[in-house]
Structure formats: C-alpha cells, structure tokens
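Letters A, B and C mark the chains in the order given here, with residues in each chain numbered from 1 onward.
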C-alpha cells in the first residue's frame, strides 16, 4: 500500500484528478489531489512559483504524509521538483506525467516554444488580471485531441484562469533533478501534442531526470478526462518500486 | 452526419479505399473515394499536379459536395492542400494521413529522401512512359510491413504506374497550410517507414500545418489493406469537430 | 515452417529466451536458443567478439541449420551481423531486436552513450575479472521498466557477468549491413530506454540496415521476461517473408 499525491497542471485543480485518484484507491493505495495555491477559487492571482510549491509542502505537512509517491502533471512538474528539493526525505518517488522538468534557475517559459510564450503574454495583457487562459481551439486540437467535442467542451468549462507569474518565475533548487536522491519516473502520453512533437515532452525534458523509468500510454495531454483508468494504471506502473 | 472524401496516394485509385469508406458509411456518414486524374485507367500519363488537383475539385463540384472532410493519403496530401487553397469555403476539415504537406512552391520530391528521388527517376527513365512503379521489395518491407506476404502481393497487384510529373511539379498556393483558415488533423501510422523514421512523416511534415490535431494508430503506410477498420476509426477521430 | 535461431544479449544466456522459443515452436516453426561463447557457465572471460561470433557459426554448423531466420537481441546484433557476413548463404533473414547494428570497424562501445562506456569500464576495473555487470537500479529502471519489482529481481538473478572485451572489440566485416544481400527486419520495443530515447535504438541504429522491415511493440528492453508471447509474435511478424 503506497501513498500517491497527484499534483495537477496549469488551469486545473485537484478536482479534475479525483476520478483517477478513486481508481488508485480502488487498487489499494491512498491517493490525494490537493489544489496548488493560485488555482484555488478565491486565490489571489499574484501568486508565484514559490508560494505554489510551498502550498503543496504545507498540504503534505498538514496531512502528515510521508514516503509519498508525488505525481506532477505538466506545470505540476515544477511543483513536485521544488517539493522534492526542499523535503526529499518525505518523497519515495517522483512521477512526472507529461510534466516540466526544471533545472535550477529555469521557468516553464524556458521550456516552452516561443509561440506559446508570446501567446500567453498577449492573453494576459488583454485580460489584465495576471492570468492566462487557453483559447478553446488550442485546447481542443492540441490538449484534448482524443475525445469528442462535447467532452472537450465540458472539460474546458472546468478550467480556471492560471496566474501567469508561476510560468515566468524561475525555480530555485539546491539540487537538479538528475542528481536528487529520489527515484524518478516519466509517464508519456504518446499523442500529447500540447508541446509539439518536434519540441516534445519526452525525451527532451524527461532526459533531464538522469536515470528514470519510462511508462508510455496512448492518449492526449488530458488523459485524466479521456481515460482515467488508463492513466491510473500508468501512474501505478510508474509509481511502484 | 458528415461528408468524407478520401483521396488516395500515388500508385493507388479510389477503389482501394472503398473498404474504408464502407466502414465510415456504416458509422452514419457519407463517404466518397474519387480517383485522381492520372491514376484512372486510360488517363494520359503526362498529367501534372495541377490537373490532378483540378480533377478532385471537379469531382466535388459534379457531386455537389460541400462542408467536406477531405482526407489525403501520402501524395494525396498535395491534392487536398491544393483543393483547400482553391475552394476553402467547401472544406470543413483537412485530414492528412501519412501525407505530404507542401508549402507554396514545393513538390513531393522536395520532401522525399534523395535516394527515392534518384530511384524514381531511374525507374521512369527505364520505363520511358512517364511513369514510376514501386519495386516489390520496397513495397513489402517499407510500405506494407504489417501483413503477410500473400496480402502484400495481392495489394501490390492492384497498384498502377504513377505519372512522375505529379511528383516533381511544384505546387502553387495562395496560402500555406499553417495559415489556411480550415481545421486540420494528421493521422500518423506509427510503423509507417515508407519515409524513414530518421526523416519522418510526423512531426517533420505535420508541423507545417501549424495548429493541428494528432491521431496515431499502429500500422504501416498501407493500413487501408492491413486494417481498414482501424483506419476508418482513426479517420473519424481525426475528422470530427 | 521456418527455422528461428535466437541470439541473446549481454549478461544473458539462451536459457532466458526459451519461453519465447517455445511459443515460436508452438506456431509451427523450429526454434533454437544457443548461448554465445563468453556467456556459457565456465567460459573464460577473456573471450572477444570474434570467438563469440564463431561460436554461433559453429552452433549452426553442428546443428546443420540452413535457411535460418537469425534473431539478435542487443549485443546479439553484433553476433548476427558477423555471422551473416561470414556465412550469408545460410541466412534467410536477419532480425534485430533492439540490437546493435555495426558497420565494419565498429564496436558496441562506439554505439553507446559515453556514460555507459565509463560506467562499464569502472565496474570492470573494480571487479578485475574481465567482466562487467549491470547495477540493479539501472536494470530495474531502464532495462525492465515494464514489470513489478519481484519479476525484475528474479530476472536480474539469472544474469551472468559479461566479458567486457566483446564490447570494446571492433567488428571486422567484408560487407556492411546495408549492403549485405540478406533480408533484414528490426523489432523495436517502444518503451526500451536501455539506450536513452534521445540516443535511441531506432531509428539511429536501425537506419544502418538500409532497406528493412520495422515491427514495433510496446515493452521494455527485456520483453523476453515481461511478455514472451508478444515478443514471439513480433519475431514471427519480423521473420516471415
């Protein structure tokens, strides 16, 4: 019996990962789906990456969770890297699921294609509230390309505006992921083109982990909506010793 | 209910796509499998790319087809790109299935490895009739690597000599695919080595589409012979809104 | 009915491929699993690549095997390339399964990432018996990432120290694989990260075969342990005419 903590990506909350967590629990594990500070309803949108990371450290402490298999999706890769750097002795394994893998001093922006950086800046400038949202057409074609239009729309309606400062903030790490003394896995959804395949999640970012275990499954960036059961199995294949 | 028009590749006719079209129709859609000018029995083999593109525009007009999901396979990618450039308002979505994606001024030859260009030129020179055929061994190993020998041979026997001028003609486009105001998808068969994987269909050519939806399925370049049902499903996953 | 000869990789013997061979036999073929000289119990560990290649040639001669589908796994790719170069008329097809593809004058070391070369040299230096072993953590995460820990441990316990000279010896070939007049296939397990995916088996090494047939299946480098049935089917799909 292991303890899984699933950390969502930008625009999401922990709620969207609950169906996955339920399946992990049904397999005999504990599973938690906290929401990162900045993505909780009512959070100030001026939050940066440090506060986001700290909010998950606080959650683990408040819940008294140890020996944790810490899973991060997308932007959540920044969070789990920061958590493991600060409290490595509480982490049994890091599982990156199509997630950013930062070295010390890197931001999400540093790992994004230039077009996304420009697009997000333009959207945030127009909104003027410190947040960025994804245009629906990009969401539908490049993030959730493996479902029908209704499912894509329903999932889109669950998203929340994401504080853009967390994407430009550079992470501060004592130890880069390749050198951190925690086991690591990478779950790669093979039809995930939220980062284009000529500038991909895997192996471009995964290789920064040094020695890691690869698990691959078919699916888009948003497998939590399109196939929670497949995702839960992949997480457990990635998370076991 | 949507309208699918499936445009075949070099050496093929619409007939080889009929089993796929039948499955698309069984799912409640309309589906058509025209043969490109140059590949119809009796066509003069001096036809170039312009006449080939025009023949599909003529087919759509004669059949009064609008709001079309236009699917192109391989060389058919040249055709659907040209059609969408000339009559964009009749096209609902372009679906490239392991297909060439040309920008203005590009030919198939410009996207082929040099060895193919040289091989095709040598074969056409020896034939002297303006056509190229595929050597069986290349067909069997690199085009239809996912079937037994008998199936490979039967499929080979259906092929027709292809007018080589259509491969060297450079396409003339008002708008490159990335900028055209039509939705786009790319179906990638993951064992398709008709273009070698170090110089692949996806993402090398697909990325020229700009924003597109990716659908991937297992199979060779000739999934129409090896698994029409899997191909039909992939086309519909790619073609839906 | 065909004759398959399965040539294992470094640290293995033929015994670990017997479950695969049984399934190939159950499909109506002959199948053999010789052990390469250097990996047999009691072999002197000073053996080099030439003796290793010769031992499989000797096995084929002693067993009077002709028209052989010769399958090589990993380091076994060196062996089958050498065998086919020396007795091409006895080989019907070469099947490389996540295997090294050497040109004349190349060693395994020449195709490995620098980190592995350094690691192996350090391990062999410490052992002082001319052999290298794989650290368990690398085995578990990068070689057999698709099973549970118990299976990984049981498989690890079957491995034998591998004579390091066979990895640094440069092969001597009359004809490079791309030019040899024998049919060729490559079986690629898509989650095999024993070579990292930014420096992969396929297409980096497979493309050295020239014209070849690709078969891909899900699985790690050690599919012989994790799914012998899937591997047997892939071998037969790769080995048929």
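Simple rule for what comes next: contacts are C-beta pairs under 8 Å (C-beta built on N, C-alpha and C of every residue); 3 or more make two chains touch, one makes a residue touch a chain.
All figures in this text were calculated on a predicted structure; none of them were measured in a lab.
> Mind checking chain A against chain C and telling me if their interface is mostly the same residue numbers on each side, over half, or mostly different?
different
> Between 0 and 180 degrees, and as a multiple of 5, what angle does the rotation take that fits chain B onto chain C by Cα atoms?
My answer is 120 degrees for the C-alpha fit.
> Can you check how far apart chain A and chain C are, centre to centre, with Cα atoms defining each centre and the answer in Å?
That pair's centroid distance is 37 Å.
> Name the residues of chain B that each touch 2 or more other chains.
Chain B, residues with two or more chain partners: not present.
> Touching chain B in the complex: which residues of chain A?
137-138, 140-142, 145-146, 148-149, 190-191, 193, 196-198, 218
> For a test of understanding, state which residues of chain A touch chain C in their complex under the given definition.
Chain A reaches chain C through residues 183, 185, 202-204, 206-207, 211-216, 237, 240-241.
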